[in-house]
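Some structures are shown below for you to check.
First chain A sits with chain B, and in the next complex the same chain sits with chain C.
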Partner chain A sequence: MAQETLFLKNTEAFAESLARCGVKYHFAYPITPATDVMKRMAVILPAYGGEMMQMESELAVSSALAGAACTGKLVATSSSGPGLTLMHEAIGFMCAAELPCLLVDSMRVGPGDGDILGAQSDYYVATRGGAHGDYHTIVLAPSSGQEIADIVPTGIKLAYTYRTPVLFVIDGVSAQTTESTTLPAYHDYSAEFDTAGWAFTGTQDHPKRALITGSYSHQDGYDLNEKLRAKYATIREKEQLWEQEQTEDAEIVVVAFGIHGRMCRDLVAKMRAEGKKVGFIRPISLWPFPELAFAGLPDSVKNILVVEMNHGQMVDDVRLAVNGRIPVHFLGKTGGDMPMNTLAEMIAEANRILGE
Partner chain B sequence: MLHKCMFSGSGGQGSALMAKMVCLGAIKENLKVVMTQTYGIEQRGGDSTAYVIVSDEPIGSPIVENDADIAVALSQSIYGNCFAGVVPDGMLFTNSSMVDNPKESDAFKQVFLPVSDTAVQLGTVRCANMVMLGAVLAGTGLLKLETVEEVVRETIGNKKPQLVELNIEALRSGYSAMKKES
Partner chain C sequence: MENLSAKYGKTLNLDKLTSYCPGCGHGIVTRLVAEAIESLGIMSRTISIVGIGCGGFSHHYMDIDAIEATHGRSPSFAIGYKLARPDNIVFTYAGDGDTCAIGLGDLMHAANKGMPITTIMVNNTVFGMTGGQMSPTTLEGQVTTTTTKGRAVPHQGYPLLVPEMMRAMPGVKYLARESVATPKDVRKAKKSIRKAFECQVKGLGYAFVEVIVPCPTGLKMNVKDSYARCGNEMTDYFKPQVFKDETEQSDVA
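And then the complex of A and B:
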């Protein structure tokens, strides 16, 4: 496929980007607002020599993902919060077995089955993890169709460089938004990585190998955890991603990811036009959290306002990043006909804090 | 250039299709475009609104928050919402075939066109949305008429080629009705 600009739902932009960047096998189970990813994958993947397989449950999806990932092929899934919750046993396993794969979470209102309306309710489960043990999943949060197309190659490179699952999260409102997106020409990014040293491809040319066993002797368990610790430290040091604007002289910095992060561009333009000294930080990697962006904030910053489509999850990481140096405020909403704060409400809250 | 639009009507009237035509036309004119829709458990006859932002620069907030400068009300039940959603100096296009007792506004301009009646005269009430879209293009200069005609030929022509001429006629009749009005 050649590069082309299409008018797509952002769920479909995910499907197109995954297929064009080398995903060969997509396993999924339908759930609003993520079903359009698997639907489009079913249609387009055969043209790339791949296949979408609908499994009988999310448990089956995640097990198939882990199994297929053992072969070194680029595999993916797409779901929403309730489905992601069910997949965590396998996600923890893949982190321990060091298996690369891609996951898309189109987030909806929780907890429980919640509501089909969009939310950012999965920040905790994405960045903290819902499985046991000292593991992390790399989490990337694009905020528009174009950023989806641009960030999928990054996600694949991270998954194979560090041999770890990479999770893309997007709120359901953005997922259902339709916009013009320039999609890349086909290129299999996973083919740039040599998997011969670990992938299960039959034993013709090498002796039997085991990626992981069910249990460890004491020293093996210690060694595995130390290896993972070193890997996560490297990722934390080298792979933080964020967008930052007009913070050099800001008195207040608004921090938001995904759709609220995108809205910050308008917020800053409107408030700067009124002479207000405001800037924004939009975390793009949620894990590793972009602590470096906060370390670099000037002394002029007297307040930080975090805005989320939940009741306050990322705000914890912002507080850890500034470590008491700057007061951190929170504005958030989840559920309802308009399941998020409007731009007008964000501006009003920033003005209220500036006036204190 | 930045336009925020809301296209509203009853489910089945084709307000979302109007929005989609605008989006595809905007892409043809090398503009950026974002569309969001009311989302939930909708059914035919329920209110339906599609929001479109068209800009020559990358679009920040994708949400239209009662700040549309171009609004369309195809049915009575959605008229009040549309009326409340228009900014000063904006334009509200109303289907006068279906909206009785409209409100008065000093802040923004209102245009009343009997697009359902016009559509019936053209052959079917189902092309009322295209009559209205022609009027919007004439009244606002949002996109070129020829661009949207091209979109109609490509999208409708793919699935139902026999309906292309009817829809183009509907677009043109709305366009010229609005030109007469202004």
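And then the complex of A and C:
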């Protein structure tokens, strides 16, 4: 496939980007607002020599994903909140088993069966994890079709460098937005990594390998956790990603990811035009959280406003990052006919804080 | 000293000390699986995907690559694996608890998909590793640590007949229930297990063998009595038979 610019839904941008960057096998179960990823994968993957396999539940999806990941090949899935909840058994397993794979969560309103409207309600479950044990999943949050196309290669490199699942999260509003995206020419990024040293492909070229996440001795459990701890420390140190604008002299910094992060550009432009000293930070990696962005904020910053399409999840990480140094405010909503705050509401809240 | 590799082949790792309890039926089934792999010459491309429970130990006695899956999910792991590497031979091996309690959904859909995968379900009618609790295949009236007055079928259900549930699925090409109660039964089980692998080598479709075995520890019985139970009460209910054998079809792989 050659590079081309298409006007398409961002769920479809995910499918195109995954396939063009080397995903061969995609496992999924229908769920709004993520179904368009699997639908497009079903159509396009055969041309790449791959296949989309529809499973009977997200539990089975994630288990099949784990089984396929054992081969070292690049595999992916796509879902939304309730499906992601079911997948956590295998996500925790793959973190322990050190299996690379890609997951897409097109976030909708929760909890329970929730609502099919877009939301950012899965920040906690994505970054904290819904499975047992001390593990982390790398979480990347693109905010546009172009950023999806640009960040998928990064996700693949992270998945294979660290041999761990990488989860892309996108609010369902951005996921269903149709916009122009320049899709890359075909290049299998996973082929840049040698999996022969660990993949479970049969003993023709290596002595018996066994994938074991259980502890046959208590020392096994200790050793596995220490190995993971060291890996996560490296990821935290090296892989923080964020966008930051006009924070050098800012009095207030707005922090948001996904669609609210994208709106921050307009917010800053409008408020700066009125002479307000406003900047923004848009976390792109939600885990590892971009703490470095906050460590570098100047003393001029007197307040931080976090805006989310939920009742306050990422705001916890912002508070941890500033550790009491700067007051942190929150604006957010979830559900309803307009499932997010408008730009006007964001600006009004920033002005209210500035006026205090 | 006798050359055991010459007798049993390279697949079976005879140097590994067994962690199966004395009299456990898993030892026999594990050996039969290793012998089937050996006789078909597929050792270096065969992958064992094991469940949680005593069946999870089985791969340690075979010099082949292995994946210890999450509890009950080995059939779904196998689907993913086989899709990505169709030339490998993939089999799942687990007990009745893993296969038909927590894993029944994964199992039935894997069978119905009909991909060339082999499943060995070792049925001893209890959760062995956790100390003898009721499983879906626990017999009516059977005393376990969670059915202290015996399994009461009105609300605990009847012992699950798993291969019978797959019988009508066209994607299932070899389907059998065997036992290890007597040497004669073991020889029949050996034949069925070999056919279940042959079915996959030929690329025909899904193959399933349930093997009825004793669990002296979980049943709190001596070995002799547990084998007698295996050959009587257990096989009276779980009747050994070949339900379906379509392995004589020509090679479609």
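Methods note: the second predicted complex is superposed on the first by the 352 of 356 C-alpha atoms of A that agree within 3 Å, B and C clash if a C-alpha of one lies under 4 Å from a C-alpha of the other, contacts with A are read in each partner's own complex, and residues count from 1 in each chain.
Just so we're on the same page, contacts are C-beta pairs under 8 Å (C-beta built on N, C-alpha and C of every residue); 3 or more make two chains touch, one makes a residue touch a chain.
Note that the structure is a prediction, hence the values are computed from the model and not measured.
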### Task
State whether chain B and chain C clash or fit side by side on chain A once the two structures are superposed.
fit
### Message
I'd like to know which partner A:342 touches here: chain B for first, chain C for second, both or neither.
### Response
first
### Query
According to the contact criterion defined above, which of chain B and chain C contacts more residues of chain A?
C
### Query
Where does A:224 make contact in the superposed view: on chain B (first), on chain C (second), on both, or on neither?
neither
### Message
Once chain A of both complexes is superposed, is A:86 in touch with chain B (first), chain C (second), both, or neither?
### Response
neither
### Task
Measure off the angle at the C-alpha centre of chain A toward the C-alpha centres of chain B and chain C in the combined model, and quote it in steps of 10°.
120
### Message
Let me test your reading of the model: by the given contact rule, A:200 touches which partner, first (chain B), second (chain C), both or neither?
### Response
second
### Task
Kindly classify A:354 by the partners it touches after superposition: chain B alone (first), chain C alone (second), both, or neither?
neither
### Query
Which of the two partners, first being chain B and second being chain C, lies in contact with A:292: first, second, both, or neither?
neither
### Task
Based on the superposed arrangement, let me know which partner A:71 touches: chain B (first), chain C (second), both, or neither?
second
## Note on the structure
For chain B against chain C after superposition, the smallest C-alpha distance in Å amounts to 31
### Task
Provide the residue numbers of chain B that touch chain A in the complex, in ascending order.
20, 23-24, 26-27, 32-37, 39-40, 58-63, 65
### Query
Once bound in the complex, which stretches of chain C touch chain A?
43-47, 49, 52, 56, 59-60, 62-70, 73, 76-81, 83-85, 88, 105-106, 109
### Task
Report the residues of chain A in contact with chain C in the complex, numbered from low to high.
24-25, 27, 51, 53, 55-57, 59-60, 63-71, 73, 75, 89-90, 93, 200-204, 207-214
### Message
Can you tell me which positions in chain A touch chain B when the two form their complex?
### Response
5, 7, 116-118, 144, 146, 173-174, 176-180, 259, 262-266, 269, 337, 342-344
